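You will see two complexes here that share chain A, one where it goes with chain B and one where it goes with chain C.
And then the complex of A and B:
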């Protein structure tokens, strides 16, 4: 394999430096490998090449050949003579060829870039103080680094509509558009929802939706991410906060088992937006719109901000003590969740072993898979529960087994984490029959009936890891502190386990991982720190007999179907 | 070898002290009745403030009464003691200035933190924040020492400049720059900025 790759390498010369690149690499990527940058707007590594912004102009040349003899032409010193093209070429649309020479900083290339920048700025408004893109705007950056630094334009600028509604989540500021067509190509190629196009010509050109259509698909906000200027703006984030204030934390989209990599942007304990993070093995550079709204759960009205024992407010420490006391009794059942992190599921498993649990359940949560980045399984971490040994088979949507156990009196105590048992098929009468301990973030019928309710944290307020549909373990980090009165779910579970077993138990992800790795299952040799930012692929072959529900999606082929195809 | 300075013995008049008292009182009474005063009756009297003085930061309006701040938050970013806090907001579409789009919803400057450095004024792309000649702030509570948006505009007043930067956009639309699909035509009595008669001279 490695040898095959080597054979495909070709040598190009960039600004006098020889570089080996794989065949088929375009010049933008080749120059990037050298640590330099060719400025570009319309080129996007995950989209087709349009070549319409002209910003990536470079000078290129090929070794000359004598037409009569076919012999390579040589300089006097014996080096191959380079026949430079008379005009510059676009680096995004030209693939590297053996022996190709590229000049990215020659006077001609610099002059080309300055001229293109000048043309792009002719009708671009001086909106930077009110533009949401300012600070992460390619046009702003490249105008500074590749522009002339002054304007020769004394005519009046074009005026175009400033707040066109393209869809429920996207607002278009037409004046700022530089017609790179990234959004058009994204809609056609990735979202497969061809709704955007340009109408009119020249300075009249306008980005519009086709008549009767709107940019409403679940991937519409990706067009905002890839817009190199501030033309496409997120209606939700519009005018909320300047980007240079935002602290970025690496996170994971926990809405389904795809596990898109994300960046959570927050300032002073408040999350402002969630954007995708590039992971070529999972989500490329995209994520669904639905996952971007998850941060709103942090400040939702029904958020639990304190723990209760028998309905009265108490400290988390007292609640944990009461919970541990209850769990020391007989007939305990545990309801974990596919929304728990691997670490929480591991500690739940320890608790289940400690109390000799009569049953350990998960609640399945199914929706429609869209074949791109939302899968059928809306639990982000069912595979984590399997891998930690919390459950051994795929969960059911209803807790009917637990219901009959309660009715027969076999189960008299239930510990539930992040699940609403009423929504999962138990009646309130059944809940009243048992001693109920709940760790959750939001109020529900279950927390109302709980003897002990412990206020936990959302994914934005804690760190942890989840295993996605590919059996790739990915970690997310704490972005903002939790509300006063809440406690990290993992710390709460660890404290309960410590109290039950009478031994100390680690309560933060780093130390819990030492225990997880020591178990000798598929996590062997891993540590929380050792999980790469793009995740680590685990060996899921032990679970290949299970009928996972996910269908085909981006970078994922369901194993059963693959086996059936063979 | 130490030097011994011999003290001159006092004369008779010096021993009386009275001539010296009279001499001192002469100066006192001359200043009291005939001389110019060098002190000010602060706070009733205030000293003249030199141009360019850096007093309390304020927000200003333009001669049309439009608030100049567009809440770009650059002052908040540059402020060394983090005294400025802005909550941005959107100008409603039915406003005359809807084409400016953005204005602060809240704008707080904590005068207990402010160090009067003038960075906010320097960085402001809209010339909306100015350190003017107000120099004394006092209050009984910490909360009183935080100037909110209303207070800042009250302190700031109107800046008599003639840029009308944002009107140029409406003018461009009126002159056909919108190709017929731009924002509404500006009102006829809208003040117009002067067009540059002489083209500017560029470097190189």
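And then the complex of A and C:
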């Protein structure tokens, strides 16, 4: 495979430096391989080439060939003679061909960039002081690095609408728009919801939705991410925080088993936005709007901010102690969750073994898959529960087996993590029949009926890993601290296990992983630190007999036998 | 319109004959469709070779050899090949295709059918500009007539060859005449020109299939090439400039209009045929091939070397009236829309008018043209409204230079060339204008009136 790839490499020359690139690589990417940058606005690696911003103009030439003989033309020193094009070429639309030469920093190329920068600014409002994009604005950056630093424009600037509602989540400032058409192409090519276009002509061109349409699809906020300027803004994030104050934490969108890679931006313990992080094997540079809203659960009104024993507030330590005491009894069943991390599921499995559990359950959670980046399985980590051995078969949506176990008296104690048992089909009467321990983040009918309720953390407040539909294990990192009174779910479970077993048990992700890897399962040789930022693909062949529910989506094809089972 | 004795009519041969109508009967009575009858008995490649040998050059603007264009078509892709007749005639000063469509539509249809047969095209389009609704109606009717007679449609003249022609009305924009913009428009989208590479029409044209886009007059010439043979056709005009051309003369001449001529000089057309300037006036400059072409100044000497090494030294009136002649004088014959500017015309005001047009017609897709054209409009408009600055001349040259050659399509040149050439030839006038307008006693009202619709 590697050999085969090598054969397709061709040599191009960039600013005098030879470089081997795969044939057809466009010159923006080729230059990137040299650690340099050709500035660009309209080019996006995951969208079609538009070539309209003209910022990436470079000088381009090919080795000359004698017209009569077809022989290569040579310089006096025997090197190929390069025939330079009379005008500059766009790097984004120029694909590498053998012997191609480009100059990215010749006087002509520099002057071209200065010209385009000047043109882009003549009708730009220059309202950076009140613009959300300031600090992460390509126009701002390139104007500083590729502009002349002064203006020759004394005419009146064009006036366009400043706050157009394009959809429920996106607000447009047309004056800032540089008409690069990234949002239009995204809507057509990725979201498959062709609602954006330009009206009017020339410099008066204005981005708008088609009549009677709005930019309401679940991917609309990606247009905000890829907008190189401050034209498309997130209605949620708009005017909330200057971006340079934001701390960025790598995370994962846990709304479904796709596991889009994300960045959580926070300041002083408060999350302000969630944006996609590039992973060419999972989500490219996109993520659904729905996943961006998840941070709102942190401060939602029903958030559990302290633990309770028999309904009264207590410290987490006391609650854990009480839970361990209860679990030492007979007839314990465990309800884990597809929303638990791999680490939590691993410790739950230890607890299940320790208490000789009468049953271990997960609650399936299904929705419609959109074929892009939201899958039918709305649990982010069912595969983690399988891989850790917590469960051995795909979960059901209802806990009917557990219900009958409670009714028959076989189960008298239930430990539930991150699941509302009432929503999963148990009645409050059934809950009252058993000793109930719950670790969760938000109030539910289950937490109200719990003997011990331990306030846990949302994904934004802890670190952990999950396994997505591809059997790719991906990790997310703590972005903000949890509420006072809450405890890391993993620490709580570890403390319970330590208490039950009478032995010390690691309580942080890194050390729990030493135990996970020692189990000799598909995690062998892996550590939390060893999981790359874009995840590690695990061997899921041991589970290929299971009828996973996910359909085709971006970068995911369901396995044949699973599809047949469906 | 009376035919001037110095004209040499080929394409418009019968168009202005008394009693000649756009109906098929008129056309058939004048030998119409005989060449199509001949064509369908020929090998398609033989027709292409004949057109190639004729050295016919495109009449739309760029003057690209027609046969060569046809030879670029990707015939191995397995995709259908389309032919589009560009009848968007939107270059200011050009009104020749309109004459053909209105007066002799069947000649165009015959030319198209010959070209389609030669290139194995089964579906052809006539993209006619929105502002020619009557022309579209005439064409629709003419196609119906031709279909009834078996010249268009299934099994053309019993040859087994079938081809449909569809008339499509344009989207009323200058840029719809740019071939890739036209293709986008024909596909139902905004007429934003495509990037080349990869979207060369000969390979990735209409619906990403190989496509030939030819001008109306070019396609009509296919009929005459088959009629006269390539050798006969080449006898008209100088080498590499074969055939007649229809010139559309407007502006400050006594007899503006369209004239189809063979080999002659610019002076013969403007002075002999068009009668020269209006009484009491003199010719100041000529824009030879549509408003985007570089201006030629009267009184200037045009010197240089011919390809054979001999030298030429022409006055404006001596310039050979063809592609190479006008190119040698530093401009282009373009679409044949010749605008004569007499001594009453203010060059800055003319430029302001043109910039208003081009900034209005820029599609807005790529940055230099979009922003540069409007900037130039704002500068020139300000100039003619009494607020010219001495530094505006250099600024305009800079802005034009920042547009030319850096855009997706040739529109960038269409904006830049007038600015560059008007200033090159009439820099004093621009500078005087600035000085004059900075005079507090200047008659601003008069200047504003002069500034027309800038």
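Heads up, the rule we're going with is that the second predicted complex is superposed on the first by the 560 of 566 C-alpha atoms of A that agree within 3 Å, B and C clash if a C-alpha of one lies under 4 Å from a C-alpha of the other, contacts with A are read in each partner's own complex, and residues count from 1 in each chain.
Keep in mind that, in the parts below, a residue touches a chain if its C-beta (ideal position, glycine included) is under 8 Å from a C-beta of that chain, and two chains touch if they have at least 3 such contacts.
In this text the structure is predicted, and so the values were computed from the model without any measurement.
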Query raised in the report: Does the chain A-based superposition show chain B and chain C clashing or fitting?
Result: fit
**Report entry** Touching partner for A:152 - first (chain B), second (chain C), both, neither
**Finding:** both
Requested in this report: Go through the superposed model and pick first if A:161 touches only chain B, second if only chain C, both, or neither.
Outcome: first
Report task. Please work out whether A:241 is in contact with chain B alone, chain C alone, both, or neither, and reply first, second, both or neither. Result -> first
Requested in this report: Could you tell me if A:49 is touching chain B, chain C, both of them or neither one (first, second, both, neither)?
Outcome: second
Report task. Based on the superposed arrangement, let me know which partner A:197 touches: chain B (first), chain C (second), both, or neither? Result -> second
**Report entry** Which of chain B and chain C A:90 touches, first, second, both or neither
**Finding:** second
Requested in this report: Could you let me know whether more residues of chain A are touched by chain B or by chain C?
Outcome: C
Query - Smallest distance from any CA atom of chain C to any CA atom of chain B, in Å, after fitting - result: 8
Query raised in the report: Following superposition on chain A, which residues of chain A contact chain B and also contact chain C?
Result: 152, 156, 158, 203-204
Requested in this report: Using the touch rule from the top, collect the residues of chain A that touch chain B in their complex.
Outcome: 125, 128-130, 134, 150, 152, 154, 156-163, 203-204, 206, 238-242, 244-245
Report summary line: Contacts from chain A onto chain C in the complex sit at residues 49-55, 57, 86-88, 90, 93-95, 112, 115-116, 118-120, 122-123, 152-153, 155-156, 158, 178-179, 181, 197-198, 200-205
Report summary line: Seen from chain B, its contact residues with chain A in the complex are 70-74, 76-77, 88-90, 93, 99-102, 125-126, 168-169, 171-173, 175, 177-179, 181-183, 196, 199-200, 202-203
Report task. Spell out the residues on chain C that touch chain A in their complex, using ranges where they run on. Result -> 173, 190, 195, 197-198, 359-368, 370-375, 378-379, 382, 395, 398, 402, 405-408
